[in-house]
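Below, chain A partners chain B and then partners chain C, in two separate complexes.
And then the complex of A and B:
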């Protein structure tokens, strides 16, 4: 099934580019790793070249870089407070990495790194680990106040605490599945509509004109996918800020 | 019934979750527009919250899609 190029899931197949086996661990360099390197390189090169001038009156490129910076710094300040600004470099890295992975995935024949749950789950696990470790180090035992919202009558605690604990534990799952499922679903739908164009087009004759409908749909969906690619990076980082806010101010 | 056929039906049923996501997304943007048209000056402050709500509602539907893939792959 995976051998067939017309299969909508074919685009998500991971191929080994260079084979490395170290101590029974498969550390091969795959197409996934290649596009991750490409994403990091894109962001780093863009940021370095845009900010190399350091002009007082920014040019076009520098304006874009400063816009990115201000967008994320406002997001962190609004959602996690001034104290949350120490996490600004982390949130900025997460945002730019996810954004460039999503955007590079929109290039035809490229590979969408974020369409694999292990990648997004690793990101979400790092975020939740930071929230847990920082929250426990900063607030100590008070961090568990997060599980009992203020203003709730004491006799509600046996119901509220398990609900809040489950909601906290499901955060890394929902954070990772949201990004992964959006990317997977979007790219699969694009490929399915592209497949309709080919299958209707192969009929021949006047019926070929019917292929215009899925073609127009696929074009519109590409626009939607660009929106989703940005929106999911935005949501991923804004939820990171909200979770970090819980670690900094656990008293609900 | 054959297992393969049951899998297909199950995957199709799991995709019904997307109906809920559609209702949720419609409610979010509908209510936002209702509020925003009443008081346009307050709207920009809540744009980010609208997108968070949109993403949360959409993700719930996509969990159903993931279930469909899990059923098909199992």
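And then the complex of A and C:
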């Protein structure tokens, strides 16, 4: 594995832990699955222990849980209206899941679930499916008013409608690529700088002083990556709210 | 499309590592492909997709059910309870405040009443005392003036009686003096007349 130490892509490799196949499909329990379980367990255990007291005057943990609750509920209410509150548990789950995956990915030698396009794309696909299904069930044909903003002159329709359709279709892609690319790029750059520290340091002698520069860089990047981990979870969930708002109020 | 990509990756891995094809499972392929530089992104290894989506579905669904059934209602309830409690506490506080304000008003009213009562009581007492002392003064004055009049009367009487006795003394003295001077007893009537005349002349 020594040759892998400096390969910045090695951290994204998926290793099988327990083989598991159904009907020819490889559904093995992998390190990715392990960290998904870890993320879910982290959120669940934290929430459970935070709310075990149900104190009127919250303790430290309960305050954090309530802060999350109010943060997401305000986000949903502000972006999707009161009617959007029926999706509050879903948005809360999306936020805590993505945040937990991103944050657990910051642990050295861990695996970042959200750095895989298929995971973020699956999440985005679920969101867009909910938007489509709920939008059509709730608004019927009026849902397609989404593709023609009100107040646009009729002769603009041939231009506007394709643009709006393309922008709607590109949503799951942009949503998933944004999160995936941020995680991938951040972790890769971090690994590259960390690799510099090792390779410069292994030269020995005075050259070791040169390792200070990439070390400082990697340290700063870790701080940045924590910010990105939170920010991307936030952006992912706020965009979820905005897309859900389209399903609830399709006329712009 | 998916199968094509898998084959491609598998082929690339095999040619690089010289692996025998039969044993290399898809995950191993992914491992090997990622383990060497230029082996392609592990993210592009479609053989891992099914597993990732499967476990994502399981974990995400579990988290959703757990949060929406067990955690979120609890947090919502706690926040709601707190909001209610604060609202009711505020109501109670406002109630108590209005009560205390009323009590203060009542207290001030009672104080003003008491002050007014005390004032009238003081006035009454003062008047009563003044009247009493006036009456006593008047009585004392009346008594004094009656005593004075009595004394005056007594003085006058005494004076009268003194004057009367002076007349007797004068008569006797005159009779004695006359007897001594002329050697014979003078007529009592004449002496009395002479003394009376003399006294009334002096008095006048």
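Going forward, the second predicted complex is superposed on the first by the 249 of 252 C-alpha atoms of A that agree within 3 Å, B and C clash if a C-alpha of one lies under 4 Å from a C-alpha of the other, contacts with A are read in each partner's own complex, and residues count from 1 in each chain.
Everything that follows uses one rule, which is that a contact is a pair of C-beta atoms (placed from the backbone, for glycine too) under 8 Å apart; a residue touches a chain by one contact, two chains touch by 3 or more.
Bear in mind that the values here come from a model prediction, so they are computed numbers and not experimental data.
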Is A:83 contacted by the first partner chain B, the second partner chain C, both or neither? neither
Does chain B (first) or chain C (second) touch A:234, or do both, or does neither? first
If you count the residues of chain A that each partner touches, which comes out higher, chain B or chain C? C
For A:116, is the partner it touches chain B (first), chain C (second), both, or none of the two (neither)? second
Quick check on the superposed pair: does A:13 touch chain B, chain C, both, or neither? Answer first, second, both or neither. second
Which holds for A:27: it touches chain B only (first), chain C only (second), both, or neither? second
Taking the superposition on A as described, I'd like to know which of chain B and chain C A:36 touches: first, second, both or neither. second
Just to be sure I read the superposition right, which of the two partners does A:97 touch: chain B = first, chain C = second, or both, or neither? second
Footprint overlap on chain A, comparing chain B with chain C: 184
Under the touch definition given earlier, write down the residues of chain A that touch chain B in their complex. 75, 78, 174, 177-178, 181-182, 184-185, 231-232, 234-235, 238-239
Contact set on chain B toward chain A in their complex: 48, 51-52, 54-55, 58-59, 62-63, 65-66, 69
In the complex, chain A touches chain C at residues 3-4, 7, 9-10, 12-16, 19-20, 25-30, 32-33, 36-37, 39-40, 43-44, 47-48, 51, 54-56, 58, 62, 65-66, 69-70, 88-90, 92-93, 96-97, 113, 115-119, 122-123, 126, 180, 184
Which chain C residues qualify as touching chain A in the complex? 25-28, 30-31, 34-37, 39, 41-43, 45, 47-57, 59-60, 62-64, 66-68, 70-72, 74-79, 81-82, 85
